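One chain, chain A, appears in both complexes that follow, with chain B as partner in the first and chain C in the second.
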Partner chain A sequence: MNYYHHFVIPFTAGLLFLVIVVAAKWIGWIKNLDAEQKGLIKRNIFGKASLHATWEVITESLLHRRIFQKNFLLGYMHMSLAFGWFLLIVMGNLETRFFTHGQMNPPYVPIFFEFFEHDLSTLRYKEIFTFVMDFLLLFVLSGVALAYMKRATSKPLGMKKATKHAFIDKLALTSLWLIFPLRLAAESVTAGLYDSGGFFTRWLGEAIVSLPGADMLYYPLWWAYSISLGLFFISVPFTRYMHIPTETLLIFLRKYGIREKNEHTSYTQVELNACSRCGICIDSCQLSSELGISNSQSTYFLKSLRDKKTTDYLTETCMLCGRCDFACPVGIENSTIRLNQRRETPASAINFGYVPTIEASKGKIAFFAGCMGQLTPSVTKATLTLFNAAGVEYTHIDKDATICCGRPLQVNGEESAAKELAQKNKQLIEGTGAQALVTTCPICARIFAESYGLSIPVYHHTQFLYQLAASGQLKLTPTSNLITYHDPCELGRGLGIYEEPRELLKFAGNLVEVKSSKTDSLCCGGSLAITSINQQQRSQIAIKTLESIGANDVDFVATACPLCKKTFTAASDENAILDVSEILVKACTNSRQSLKPEQKQRTKETSTVN
Partner chain B sequence: MIDFGFTPLVASITDLDKANVNLAKQLTEQDPSFALCISCGSCSATCTAGQFTKFSFRVMCHQIRKGNAKEAIAEASKCMLCGKCTLACPRNVNTRNIISLVRKAQTTTP
Partner chain C sequence: MTKTVAIIGGGVAGLETAKQLNSLGYSVKLFEKTNTLGGHVAKWDRLFPNKRHASEVVSSLTLSQGNTQTLTETTVHSIKRENQGFVISANSSNHEADAVVLATGFELFPAEKKEEYGYGLFENVITSADLEQMFKKHGKPVMASGHKPVRIAFIHCVGSRDEKVNRPYCSKVCCVTAVKQAIEVKEALPNSEVFCFYMDLRTFGPGYEDLYKEAQSKGVTFIRGRLSESSEIEGGRVLIKAEDTLASTPLKMSVDIVVLMVGMSPLRSTNKLATDLGLSINADGFIAATDLHTNPTGTATNGVFVAGACTGPNNITDTVNAAKATALDVHNYLSR
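Our next item is the complex of A and B:
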């Protein structure tokens, strides 16, 4: 059987164009990966990783599991469009294959099968096929209807702000939205005219052809359906719909172990193109929800970078809190890409020639309080009290003058200046001969662990104290205090430390767990990664964050970052905001003695001198 | 005398009608908190960089207001962006932002 009609040209040409462009882009991206990344692909492509990736493509690209978790309707919308369309293609192909007894057909045949074949009486399982095809079409159309609704009002789909789109995006969107209604119309008219179709198209078709002149719609509708498909395919490479093919590639590359590095790579291009511009990141961003800054979120930033039109404003207006990284259903490393973009901008004239070489006394454990620690002496005092109680031999390496860890410069893109400070600090740390470095500041901990290249382990004090408490070296007796815990961004999403502070607090009192915690926890607003927001704005953010952790229903608000503590304290005088260590001191039963001044003095001396 | 870690400036007179205060104007526009500074010196007293060298955010602001943009820009190059000054400032001057803006101004101000 020779199936052909001129109207298939727009569809076929569009599809061909799409396949060629996508293939060319993919090949280009993969070719430009660096040697290490290519090595990862080679090592993993024939292993389990590929199977896992395939599974993730099914659950994410087709079923959209993560979007379902965010909002049922939004998930359903994506799922019905993606999975429904996919099933339509698969079933359409099966139907054609069955009918033509396994013959190879041009790709347009299954798409326009109802046009080419009106009499399906020789088709095996005809009833099932026609029913399923109609059912799937309705399934997809239900998603399209939701998409219309989302355009009109995005609230019911759990989104406060939908992404603002460019013209070409709107064109693509319109053609996408027209595809399925047109398919329904074309198939229905055909079914009405030829007594074919399934339960729905037949019924609808009969209704339509009973209207005068409806038969004149026959060819125009098939043409329109084909053109809408062709237009959509051609627009894909130039619009956000490029995310559909690219997300698949991203899932595979990620499963092979490829991640963002500390500069843009060709993998970044894959991530940029995998962003669907769904806008979920906008709602996760407190700059938008608290401060009304709704034009700098990841969706806009990624788009600007993809179009090579990014601005200082977009690069800098972000707290790098990492919330949108975890909210993003595609799993794009938004904040890392933004940080790398900051690294791309030319360095400022920074001159640290004046920084001397700093030394500290030797000790088993090097303790670093950091700049923020110096502004919160009570945290340092509490931590050292606990060290003394547990008999830790430490040396407080920044007790007198020391320099900044470099993280604030790093998050502002001043990498080489940060390195200069890191070098000095590294000398200081290594000079103490310590076996481990402990810091009360997650900001310092992050750069120590990620960029210093130290030969000794780096612990945040909550990790270190947890070891002491778990081994019984630090004796804690729970009090009856109700405590809520705030996850600092750099500690939680940054370093993945969620459990140790919580376990410690359980040793000391009753921990109340709140809904938006761990990866979903809010930023205190104090972030050093943004300079353009002022203190009042920071307080505005802090107040909401305190609310979100139920600060008013507990005795103490605990956090594990001196900057969070400072920011919260500045925003609220109603709540008692303490570092985990300060709460532990209240519960520490072997600290009673060491808290006495003269004893404390003695332990301190022995611990710092040796 | 008690050593506070900082000393008052030697008095100097500037004719503001003649001074080039473009940078000050530009900064006040970009970050209005620049105008809030009362020269209390809290920022300088807590400054991490100031522990090792003659560097003071307060002095830098003075230089800008007096039209010594060049000196101010050179001063700004010493800051570590640690953020202590922002937390210490009683007037909520957005110090780190001002430092960043001054650093950027090195290329834009004549």
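Our next item is the complex of A and C:
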């Protein structure tokens, strides 16, 4: 059977255009990946990763599971539009296939099938098909209705600033919103005129055609439906709707193990285009909720980068706390992209050649307190007291002088200056012949682990102390203290260390778990990655964070980062803020003999106790 | 009928206000939470600018109280307006008054908050207030081990002029206190070396600049620069790191005692009383005056007055002056 009518042209042309452009973009992006990334694709494409990716496309791109978790109505809206439309296409294809006994049809046939075929009496399972098709259409329309509502009550994001895409954005939005109402109208009128359709379209169609002159609407409606589809398809590559096809590619690439590197790659382009501008990242950002800075969040930054129009303001106004990375339903590595953008534009050629290298004596464990450790001597003291209690052979490699680990420079884009310092510290660390490096500072731990390329393992002190406590080497007897724990950004979202500090605190007292914790934990406000907010603003953030972790209802607020400790202490006079190690000292029950303060052994560089 | 005035705080501000109102014929109730009168001044040994004993000032004020009813070991927890007057709840009883004077003073900046300086961690890091105690007890500074210190460093602006601990204001009295204490150390231990690390020296009052000159002539070394951190070394001595900003060089020095010139911070418990009474708090955290120039002792609430260091850092002279002004304001209010 040959189905054709001129009105299918807008749809077909639009679809063809979209397919070609998306294919060209995908090919371009994939071709420009670097050798390592391509290798990952080759290695994984025919394996389980592809299956997992397909599953994720279903749960995320179609069902929008993560948005559901954020907000039911928002999730339902996205799901009904995406999954509903998808099912309509699938069912439409099945219906056509069944009817034409497996014949291959051009893509427009199933879309406009109700136009081409009025008498479906020969269709197997006709009742089911017509019912399901109507039902799905209503399902999608309920999503469209919600979208109208959202538009009325909360301006969709990204439409505020009228850039040169404003027209095309509006065109896309209008055509998307018209598609389903037009389809309903066209199918209903058809059903009314030809006694076809399902339970809803027939009922509506009969009502419409009973009006005088309604039959004149027949062709115009099918034309309009086709044109709205065509316009929407054509606008996709130029608007945020490009996120729909791009997210699929992103999911596959990510499942193959591709990630952002320490500079932009063509994978970054995929991430930039996968942002739906849903704006969820704005709500997750404390710069917005606490300080009212609501124009620098990832949605704006990514768009500016995609349009190659980013500014220093956008690049720099971010704490790199990583909250929005975890909040983003698409899973875009927002803060890494922002960091890489900073790397592209280092402020100046800072030179640290003059910094003298330090030498340390040998020890099995190299302990590094870092600059923040110098500012929080009680954390260092507590940690070393515990080491002594557990009989750890260590050498405190930056006791007399410390060289910055380089992370503060790194987060501000000064990669080469950071490397210079890293080189000196690496020499220091490797010179000790130690088997492991332990630091109390998550900021140092992060750069040691991610960028130093050390030959020995790096532990944050909570990890190391946890091993000591779990093996019984460090003896802890719980006190009756109530303790709440604040996840530091660099330790939690940065290094993925959530459990060890908690387990340690449970050995030492009663840990009170709070709602916003782990990946969702708030930033203390002390971030080194932002220089444009002042101390008072930092304190404002800190106070809110303390509130959210219930600081007033416990005896101690524990954290595992000296910077968090300092920031909280500055902001609040009411709460006792301690490092995990300081709390452990209170619960440590190794023999008193071994609990002598660390200073007593200071004359020897390397301490051996027991 | 004699009207009653409640004065909260038995420091020099409270004592002076009480004295004045008493002689104006009011019935005065003075509430003091500790068991002694005199507030912080009672803890000091000798006073700037003339090295007079602090106890003289306190006793002269306490002895001239006349009929003032002093209630020591009585903490005022809340004050409520009722009818035309006030109900003051202290410990567990209620007292009535026609007017209220807040003279609750200040608290010392908790030096532990500046953790990098090592207070509470390193035994020979002490505060200016601790040093006053040492002078009272031993007449000279001593190390925790009982040894005689040879090198002493005074660190100015600890918990003042420091955004990082949310205390951006100058505490006014600590520069001259450091100068006074440096001289006292030199007098008690002539062979000691004494250093003052300052940002800039603010010797604003009568006789203060002379004290500074005296310190210089006695061999006290003034170094412009802020302490960055300290650590403990052998024998409980302290290694301090700072930058000499005049010479533009980083500096490391080992000393026997570090004295932190702690600032005057707002007393936290006062905020509750102030909010109860509808008073506003200024940006530094002290009770805000109605008009800085023309009404420094009045408040936004009728019948409530303030005196002394609860409105901001002050020396004794200014505190006592404020107290006299407050007494007059109270009198004008009650004889309307």
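As a working rule, the second predicted complex is superposed on the first by the 575 of 610 C-alpha atoms of A that agree within 3 Å, B and C clash if a C-alpha of one lies under 4 Å from a C-alpha of the other, contacts with A are read in each partner's own complex, and residues count from 1 in each chain.
In this text, a residue touches a chain if its C-beta (ideal position, glycine included) is under 8 Å from a C-beta of that chain, and two chains touch if they have at least 3 such contacts.
Since the model is a prediction, treat every value here as computed from it, not as a measurement.
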{"item": "Clash-or-fit label for the pair chain B, chain C on chain A", "value": "clash"}
{"item": "Chain B versus chain C as contact partner of A:Gln535, first or second or both or neither", "value": "both"}
{"item": "Dominant contact partner of chain A by residue count, chain C or chain B", "value": "B"}
{"item": "First (chain B), second (chain C), both or neither touched by A:Lys381", "value": "second"}
{"item": "Touching partner for A:Asp573 - first (chain B), second (chain C), both, neither", "value": "second"}
{"item": "Touching partner for A:Glu60 - first (chain B), second (chain C), both, neither", "value": "neither"}
{"item": "First, second, both or neither for A:Leu563, with chain B first and chain C second", "value": "first"}
{"item": "Contacts of A:Glu187 with chain B and chain C, given as first, second, both or neither", "value": "neither"}
{"item": "Touching partner for A:Glu414 - first (chain B), second (chain C), both, neither", "value": "first"}
{"item": "Intersection of chain A interface sets (partners chain B, chain C)", "value": "374-375, 534-536, 566, 570"}
{"item": "Complex contact set, residues of chain A against chain B", "value": "348-352, 354-356, 371-372, 374-375, 401-404, 406, 408-409, 412, 414, 421, 528, 531-536, 563, 566, 570"}
{"item": "In the complex, chain C residues that touch chain A", "value": "110, 113, 115-116, 118, 120-122, 163-166, 229-234, 236, 268"}
{"item": "Interface residues, chain A side, partner chain C - complex", "value": "374-378, 381, 399, 534-536, 539, 565-566, 569-571, 573-574, 599, 602-603"}
{"item": "Residue ranges of chain B in contact with chain A within the complex", "value": "31, 33, 46, 48-49, 51-53, 55, 73, 77-84, 86-88, 92, 94, 96-97, 100, 103-104, 106"}
